[in-house]
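Single-structure report; data block below.
Naming follows writing order (A, B, C, D, E and F), and every chain is counted from residue 1.
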């Protein structure tokens, strides 16, 4: 097929939008942690944008989407993006291959960044670096291959045939389960369950959520891989589910806690975005509203549970991404209709295809099992090599100072309470005792 | 007509851009209020994104744009978005109907959110919820129908024939007048006119204004409903008017207050965006510059007046949106030229069509009258049912704590000054006295 | 040629993205200064969006791109955007001329805004206004003409034939050299080299950097002027170079300072964006990675040097934009390959065309020489007319209060510690002593 | 010399400042503080969990004055900061053995 | 009457507050401060340059109490704020010649 | 024991801290405060309206020291915080009847 300038325009923009989500996530998570950990938290997302992009360039893309004769892992044809150029690729026949690859890259970037919320405020940065490297290659790329790259879970002869429009399984369940494993491995924060650990900047949380919402249009409507009616459907489903999820969360919260909160609105919305992700291009608008409502309420429940079982999922990655992803993946198996996607047979239970629900469950189950075990393995290896958790002292000090030698906010006065830059000519002896807090 | 992938690409992006404006508004308004009200203010916009989207899905869209045979209100064909799918719709023949609907949805969302600035820092959240519901259906949908949906104020045989490219009347005058009514009904804030009520975070204001500016390209250039020369004209007019309005405001301010302010730059820019909205696709670039300059200066004047007459339009919604909207609507009647819009007869006074100014005035007048009365009515009903204003005590405490049980900013130290999460195993008797500030 | 709706869609979006970069820069710079200067810093960028847009409308565009028969400066055909309408223009044959003009406008806006970082925290606002006016017309427009508008440095018969895809020379080296001149002319800040001058809000820095990164896709991929494989190539090169530059900076920093910092990640990324700008549409992805890595490391080196030579480039405009721009411009002369750009002969040293490196050097050299001298001249004139530097007292007070009579952040309590608005009926004699800090 | 300190409700600061100014007090130093006392804090909700925050935002004033003025300062603060609701705050007085104005080196009363 | 002031590590505030509350102290005022002392500050890195920041975030408590209570207050703070690491902070006591409750005008012990 | 308090201009803090350190003072506690005094505040402009803000940002230092050191501390602060412009600030001294180091339980001079 020919390259369509319209499709290409939309897909380039989608790619930019999805890239913008990762800094959006940085702000969303950054606002939710305490002020002493905001930079450490932001860095985890920001750094993923650096490292995973390069990993994708080197080997990630080819392991996920490289042609390979088998359904387990991609081949090596696209190592270093060899032959990934202006010509279209089979999976996206109307846009340059480079654009398709870049679009997928942004998914690879944000997925591991999502995990960081679960173990926020206590991960060692150098451990994180190694974790990111291994998780990208050993978990993300294979799972993406299984579902989208021609692997055994996706569509195609002899495969399971699960429907995952934009990554409910590949991105959200995958990240959510990895989060679960990480919490088990890394453990609670100091003071969890005793002290209140308040978000330090809620407007920052809302800013991040807004960028996520905005960028998610690229994520979901971009997954149509073209600028057409399907993209339109995915767009409107995404928006409606998100709106409904916000209302769903707030309704339950208003009843149970007697008050609707701003963080509740933002969290509910994110839950809706997650849940509609697998469904966006498969369901009718009314079904998106139902999915959203369900997600908002169920995520509220999942998150509330956490306090009860004393499980320190710091920023509720399991409660929102794993649970929201499950809601979406399974409801896709119920509400999918080929009238929207145009894919023959892409119907759910409601449209007479009860088997689809089973297919969804298989894909979810396989992903959960693999991601959990592989993540534990990676954490163990990382821990042995460089350590995954900061020391108790570092945790009390906060990640910003201990991992990055920075302070996020400096008031005017404090601007003067430091000594001259090293090497700027200061020779005052009283400055010579420099005790490094940073452990690096 | 066929769906154009280029037009669709641009319209999907425009829709996303307009959606992004509402959180932008949340930050713009949120930065302008005091720190104790920032979340309450942000929530009003954020929540509109949730509730109005769902209202639009249910009935708002069909009341505004459903085919109906009459010029007062839309029919019910599109209830729950029935039949709003991938096929184009008459009003936007080259894009999927779902995209046109989604684009219009974002306008429906932001319009009532604009109103909230006028009565910032004192509206009861549950009153706001009810107000939003009624105002969307009883004011926004009809007025949108009148001007754009085939109603009596818009173009078409036997109608008034007012020109409103992207919502000067439907959105800005409408919201500005509702703001006026709301201020009359709800009254002043405690301390207004005596204490200084300073914006708590000006960089947040600028961030919000920047997102508004960015998103407004979707709002105005997207109103071309296609990716063509008209969109280009609307784009450049939007930008030039905004730039000119910033300079206009700053010039007057520099002379009168001896100093150009950051908030002045941002506010002037927003005034320009408002004023150029009805004109964007009808005028030449030089006319856009004139409109912008006029808007910047006149909005400054209108806003300054406020202090004189002790009228507590907290964030100057009347001064900026109603006045700016008026400037734009009337100047469109002067500067419009069919050379830009390609619509035969869409000329203003300057191009020999003095009647257009009258038509603009009629549309403006009708909107002002209807919106003012309907808004008062809605507020009255809301007040009787759930109350529209917080108590004096709640106002002193701030909306964040009293309406949402949240604190926007928490310093590191305060992080420890709270008791354990309820249900997290704390049994310390000393925590049992919990006095709820939130009124819910 | 016909207008392509796909190309137009992408170029309108690109233009919006590039416009968004200027407020992004405002936040990036704003977070890096002390809290008393954040608004003054933001205003410098924000105001450029106002003033330069209008200058561009009046004369800037025509001086840069107006047909002229000579290779030094554009003609006057496009004064006040006469004849710049829906019809395409030779330089961008598939989009409306107005869109091309608007796209270029955003480049003209951000370039002088970049300079402000070098002399942050000490420039007089009225001096800045005049500087901006002159620099736009006397430096930006000519240099843009030389490289892109048919001038002697760009492609075309008899010209030097330098390759500058999206403004490595026109934007970054140009701004970086002007920054150098401005530092020489304006001098150091009070306390520089003795006190620590800490960034006051690092999350704001990251937010700004994220917007820059996001917008830069419009900057670079938009410079393809179409929605095609070249845009795709420019997109992916931009992203990879940025990611690599982040890693490059962090690697060196981790070794030298024992710790990877958040500001380092953001700064490295910006360095990569700068360096890839001239190269984006000319090189292979692997080369973009090399350029990025080099830029990240070299910018780190350049910036570190500053402290040693006591040179107060406050926000490292020289170290990042001039040095990063040089890296990119020269490496383009090495790595360019016609296989990417499709422009015959656009090869670098590596592809057998050693001469290209020389051409790049000439363009760089001419730009450095002209920009340096012209900037000094403009500063001298500005200084004589209105002054370019704030007084010592104003500098201690901060730009926010002294130049704009504003305070960026107001805590709840301070909200009450001010007197009533002038003219709001306060007659308390004790308020009569009003000492203006603002100098205006 | 006396140092009179007072913890008051933040929204009363402006009024108290003006009242002190009119009674001839020429200076004071103000700090934002958190108070714990009979006035209970509030509950905050975060993702389904409820938290009790015991501290309330207050403002602390410090006024150096002549021994003879201190009674007057106390009274003025009491009158203007008073709302009658719990949490109005406290005033306390401490002896200052020395006061100096940095600018001039003046000491004692002259330094005020 | 005594004014007992203490500078402690921020993360100890909640514990100290609870301990004081259980020993019958009904109020206190808390300020965020920066401390300089034997506990050294830390180094920050900014674009290749290293800075020494000498101040450490601390929290200051002020507790007004009866003369008879002061020893007890001091002990309670000492016990709960103690970690044994450098930087645990200081306690100091000053005489307050007068204490007033703004709400009621009560003075001395009754004002606490 | 004495508690010497000083309100100074913020940009002088570093200098004063260093001066005190070199004269043997080993610790101090610093608070950001707002000052009201002879140094007038400033006018702010917000959307056409002008506001008078009477408070100026200042920094408060608290230094506990031995009786014998207090004169020296006062002098050091006076010398280094001095600019000669209005608003340089005040120093005041109060008797501290007790000082304790939390880490060790040391009292009096040893606690400094």
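Basically, a residue touches a chain if its C-beta (ideal position, glycine included) is under 8 Å from a C-beta of that chain, and two chains touch if they have at least 3 such contacts.
Bear in mind that the values here come from a model prediction, so they are computed numbers and not experimental data.
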| item | value |
| --- | --- |
| Common touching chains of chain E and chain B | A, C, D, F |
| Result of counting contacting C-beta pairs for D-E and A-C, higher pair | A-C |
| For chain A placed onto chain B, the superposition rotation in degrees, Cα atoms, nearest 5 | 120 |
| Centre-to-centre distance between chain D and chain A (centres being mean Cα positions), rounded to whole Å | 49 |
| Whole-Å gap between the CA centroids of chain A and chain E | 43 |
| Residue list for chain E, restricted to those that touch at least two other chains | 11, 14, 17, 30-32, 34, 44-46, 49-51, 53-55, 94-95 |
| Shared-contact residues (touching 2 or more other chains) in chain A | 4-7, 9-10, 13, 191, 195-196, 198-199, 201, 207, 257, 259, 261, 263, 307, 404-407, 411-412, 414, 416-424, 436, 438 |
| Residue ranges of chain F in contact with chain C within the complex | 11, 14, 34, 40-46, 49-55 |
| Chain E-facing residues of chain F, complex | 1, 3, 17, 26-31, 64, 94-103, 105, 111 |
| Of all residues in chain F, those that touch chain D in their complex | 2, 6-8, 31-38, 54-55, 58, 60, 74, 77-78, 81-95 |
| Touching residues on chain C, where the partner in the complex is chain B | 3-10, 12-13, 15-16, 19-20, 23-24, 26-27, 30, 38-39, 42-43, 46-47, 49-51, 53-54, 57, 80-81, 84-87, 95-99, 101-102, 105, 125, 201, 204, 207, 400, 403-412, 414-426, 436, 438, 440 |
| Interface residues, chain C side, partner chain E - complex | 196, 198-199, 253, 256-257, 259, 261, 263-264, 267, 300, 303-304, 307, 316 |
